[in-house]
């Protein structure tokens, strides 16, 4: 099976321990993560060949990020080295009614200053079958958006399946363009889109409508807007999250293939160990399922939602749940018994 | 706005990590706290000028306590230095059906041996509008009780609003007097009293009656007893706690202004990160609300109860929730979403 | 009161912190535990004289295990020293829908190579009234099984009460014999057996029947099978566990004295701090209760089930809950209030 | 005694524990420091009123820095809030022949974008007698250099003593100007300069000469260059460091008052716990000494050098040695006996 | 071989990690120790039966101390339970020229309030051959001094060897008596005394003389003073310490049998991991050697001094060096090679 | 440049922190290492393509080892999966006169049970130029020895340079053969041998002679023995270590090319952070140097010895010093200055 390539930013994540507030912390756990890389880790963890393309500064912090990529069995053959710093995000993990806080410190990161024509996408995609990107990358800088467009175009030209996660972060998008000026051009090449309808309307500059996810019969019309503007689109998926509180989520998912809505049952997720990266876990689960020959759509959405649920029990950005654990949960066994 | 002064003891808190029992611990987290100081931190955290008056030993442990006071933006201009030791409490944090355990080791602390006529209360209260104390201080020693009385009298004379938290701790009160011999004299100057009715009856030496907090109509008669004995009293408040288990509380609150009962809706608080100091968080929220020009009573009790709830999600004695977080919860949003 | 002796293996337990997966861990918490030793710790914690018989390697790791035995007030007077290594188990603590994982690394441990005729059981049992063993020991090796049989026979001969925990671990039993070839001979001397009916049928080579623990009336017939094959049997007990997820269990218990079924009410156990050793906590609670003169059977099963529940709130293999805490829970108070 | 004001940047310092290399670290100790702030902490620690002027971002990381300032008893009354981020430096602590590594990540920090005319220096200096700055601040950005010049000019106009630490960091000075274009104008107002002669010649654009610190007779001529260009200069001081290895330094110092060279004896410093901030400790010790009425020059250089030595034994940027500890070492007692 | 009994206080020791100053610490390592208990641990570690007599409060902190006693294979059969608190000492570990700091918080500890006639010394000493106490115990309170005298008298009466460590701590001795009023009566029963001559003269109220330990010929006359006042005295020993700095000590020792001075060669001890308890390690080594049939005096002082040196490499109060390690060092091999 | 292949065991290393003895440890740092893997990490760290061949159990602990291999940029393409367990070694890090202790727990590890004809060595060596093994592997089991011989023979046949580290561990070699029965056959293919002469004589069954490394003129005759029995031998190297104590080593090295002795100057190494793996660091430095076109022999031994020295400052088994750091030290600069 040919590899899956993802492109984006990997950040140093500095998180407080034991639910401490920032002002109480005298140390930070240092891990690494970022939406598109998290998807690559999920896939590698499932045994899929995965490669991550990014730009890292030539210093010890950049080297730490590289070592993290390699540790999780993700190829780094086309990582570009340059720039001044690795982007950082600070994370304070909430509990109960107190939500987690993320402070971004990612301006002027190595990837923000990436230049077009410096990544040899033809070579990157030579032995690849799938390309994944998300809306975080074009939100970083106009340079990053331009390179993302390069990648999408080349992937499309070379016949790869392209998946796009809308991933809207309002605190990014500071370089002078709005999502609707950038995202439609990027999204048009997609075969798979992950995102909720509100974000989709906003990012594509469409009029806002109120989706009612409980009423599945009402959804196809709304999703069809995306099918209209993306000629190759095969699937749209949405992660459904209801936040009881920071430690208790309800998670489901919807997959729509242009004809039928497939629903993953809503599951209680409590306690939440770490919810950062749970959308990426969903995406990783979805790509994995759609890479299988069967492409059983009900199983695909069940697997993606189960992957998302299990991610909430794992510290850090990555979904390190195994295929077996996810399959067992997707099949309805949420008992979490001791394996011994 | 003029400052709020609180007076009492700050202790070294030595707590086990990760729900370990004392016998399993090879280290203790070292933080600092104490009822009246916790209220000062809450207020400083909300942007109110707050000052804490206490007595600290002249050694490195006393200096650590002083640095903690300053760190949290609380003034320490009238802290007295002397005595032999800082009081200590050991804390083992429970979980589920296992309750937390507190072991007090606070006898002969610096403040237990404080002398009357050594704090210049007139200077302390010069630019203050509010004085807060609690029933823990007169429980420590007859000296501490005497200085507390000095403070209350001077605050009253200088026209400050006085708030009193009954805060009964049965393991204190060892110096030969019972609460009912000490507390009535202290309480009579109060404008605001926080406490449950059982404690109020006990501490004021009144006959025990069975309050039924579900039946709010029955409460005014009971609260009126306090109004009768405290001529300046404007508000009595009670924190309502139902303990499902150590990790799951239900929290509400009642505010009574002599005419009307204001109720804060009962909220589920789970998981509990740390419940020590949650009463002080309630008090801090209440004082903050009553310092506002509006003095909206329903909002005041909602804010106080929400402050109490959020404290449960924060490690240590202090309520470090922000005004925004508390207001959001008081307004009914308990979703705890990630802020990024 | 004469002492209780338990015999079995104590292992080094290496567990990840903070719910980390193995691949994320850069250190392991190092504690010690093992089914029969855990029972001894429970009893010593309740004030009963307890002794643990095992075999430890003569190296620093074996010495650590010995120090752990002594620390928890368990006598180690007949511990045998020899062999090459202490058995190890790695533990990754799950959360929510992700179950905990145990990896055994206990082959060729000191006790696996224990020889018959090397423990002076007559001396061990001289001042003892009770002997406890579990199905883990005969599962380790044929040597361990043979020494276990020695012990059971001598204990029986010397008139001790014998309790047996079936404790089936499918990943052990690698030395060529099946449980049904070994266990019936060992079990026949039992006065008390702990285990569920499925395991009992399997280990005694009986035909499988489907017990319905909700329907208590149906159980005596099934339990009577054990009474038929164990002439001295007085009690059979079963721990009832329903796993909502790894962080949420429902725990009850059944005690049958050959005539009547005694039921402990099902209790919610959430959050789970550590469920390893909870069966041993049940056993410890049961032995403690049956050692009391009263032998009140309803109280016994209540106490055993409450001990099991409280164990889930305690990190490590041992039930370090106090008599008071367990009695309070057994009496129905699960509020987990702060003790101060 | 009137206060001492310092102006500059405070950074988040992220350091690896236990001499780990960056690639081995899974967490960072999070402390705060920066040359001019470190001097303020030294002085506050000695009981001198000290104030630190800086610019902090309005986010939780900026608030942590503010709390650190307050904790160490340094006034923060004129701190400006604004900008996007707090500067960061990563620190890997070396040992033996492996030197420590610092990675700066401080571009676009809050203070880098400070604007002139936004700090009310007249108010800052109202009750001050001394102003201290260092060459790090004008190295950050042209804005920071401009505000530094504002400060120096106003301090000079208001009659404060001005101390300047040359503090050359080659990895800063990226904004297009060389030190020699900026520093001479700033330095001309100095009363006290700390720095070695090489740096002084380089920063003032003078021809390089080879100072021989062993040959004290040769030094006045070289130092006199600085006296020539700084009309108010009273003292020049140099920290002498000989690095045996990262864990073993030899530390001395020179003070020159335009007439006489005062030498502090070279001391062995081993082991080195943390040498970052040792120059600031020297500066803090020197300012403290020169603030004393006596202004005993030999004592001043002895105290400054002893402060520098003791800083090497303290983790973090700050010199937290007490007056007594430094005086004892300055007086020749380096025995480091247990105080009990 | 019959057991060795020691009597005194065991304290909770709260120490900062990584050489942090108290003001930097957010947690404390929690261990237990105390001069006489440390000696018992040394002996148990060497395989000698040892028992420790003390008084512990009946709370969880007292129970932790008890568990520590048992863990290190020291008998606790005559420990008395009562009193309010366990004594505490805070420890900040120095480095280089910065000495360690100890803050005592041990007033009103359980043992300070011990009563005479409550320990059954006859039973304690029934199967004992040696009793050890130190000058710390009579320094705590008059009660502790009185019980110490009880013990010494009974030990003497029952024919035990009695060793006494002078152990002067100036911050104790607060209860109104001076050492010279208390110690001579206690010391007169000694067979072995450990201490330096200055302390001996001070504690026995003798005129101060200046011992010159380099000049061994001059020492017998000075030591003979002790022999004069203690009729049963067989040995006096002195630990020689020269403190280069807190991380570098030079350690030797002297043993005098009333006739001959035996010298242990001065050894370099660097780095120092923890020097607290090193005198107790010396004492433990000396008792061990004198318990051997040979009583080779040169070997005894070599072993005691080597035990003292090795203690400096071990964290905590206890000397956990093995017999083999100490013997190897006593025999001159200080190479510290890896044992594998 | 073609890759370097190493073959051997990777173990889980469980080490105590902060110089704690085993009995004091409540957690272990978990890292991974092993002689031949350590060499591969060194080379990868210097930018050389390196591959490690081993056998790992198919469980999470084996997967952790695999992730460690990948993290450090070492290829794992021919790692075999199977067997029951990963070998373990426990490490207690000494200090000063107390040596470190290693406890092996590596019997029945995955690689001990490796079978011949299961590694496709021809494929492994296809793009390789150098093969490295050490005497640890044939010491594990006869199976491991047999596979090692397979590897050496195929490497020789395919023209690779072969380096052999004698690496004698007396606690291994338990399977019934002595080194002299196994090693000569393996060593005969060597081009480079690392080891001291004593070990060489012992392992090759030669008569013991006393080498005098100070007298370099005497060495060629002794080394020539190895040249006689290894027809392709080009270089013999010896690491010279003088252990002042566990924290202070003196390190040098000798390289002999059959004609000339090249000496690396003895260097003081203090403090020692971790000396495990320092021989492998020497080997890695030597291979790196000999891979350079120049093959300057004096530079080679200088670089190897400097690599060995720097390893002592790094925690864990690996030499993570950079090329620049080693070259700087090899060139004589041991000042360990801060790089910023």
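Per-chain residue numbering starts at 1, and chain names A, B, C, D, E and F are given in the order in which the chains are listed.
Operating definition for what follows: a contact is a pair of C-beta atoms (placed from the backbone, for glycine too) under 8 Å apart; a residue touches a chain by one contact, two chains touch by 3 or more.
Chain by chain, the UniProt names read as follows: A, B, C, D, E, F = PfkB family carbohydrate kinase.
For clarity, every value in this text was computed on a predicted model and none was experimentally measured.
Contacts with chain B and chain F are shared by A, C, D, E. Summarising the inter-chain layout, the chain whose CA centre lies farthest from the centre of chain E is A.
One rotation lays the C-alpha atoms of chain A on chain B, and its angle is 120 degrees to the nearest 5. Interface residue usage between chain B and chain C, two copies of one sequence, is largely distinct: under half of the residue numbers at the contact are used by both copies. Chain pair D-F has a twin interface among B-D, E-F or A-D; that twin, with over half of the contact pairs alike by residue number, is E-F. Just to note, of B-D and A-D, the chains joined by more C-beta pairs in contact are A-D. Inter-chain spacing, taken between the CA centroids of chain C and chain D, is 63 Å. Note: centroid distance chain D to chain E, computed from Cα atoms, is 45 Å. Looking at chain C, residues 18, 21, 23, 26, 67, 101, 271 sit in touch with two or more other chains. Interface residues of chain C facing chain F in the complex, by the touch rule stated above, are 14, 21-23, 25-31, 59-61, 63-64, 67, 84-85, 88, 90, 92, 101, 103, 105, 107-108. Of all the residues in chain D, the ones that touch chain B in their complex are 67-68, 70-73. In the complex of the two chains, the chain B residues touching chain A come out as 17-18, 267, 269-273, 309-310, 312-316, 320-321, 325, 329, 334-340.
Interface residues of chain A facing chain B in the complex, by the touch rule stated above, are 18-21, 23-24, 89, 94-104, 169, 171, 243-248, 271, 275-276.
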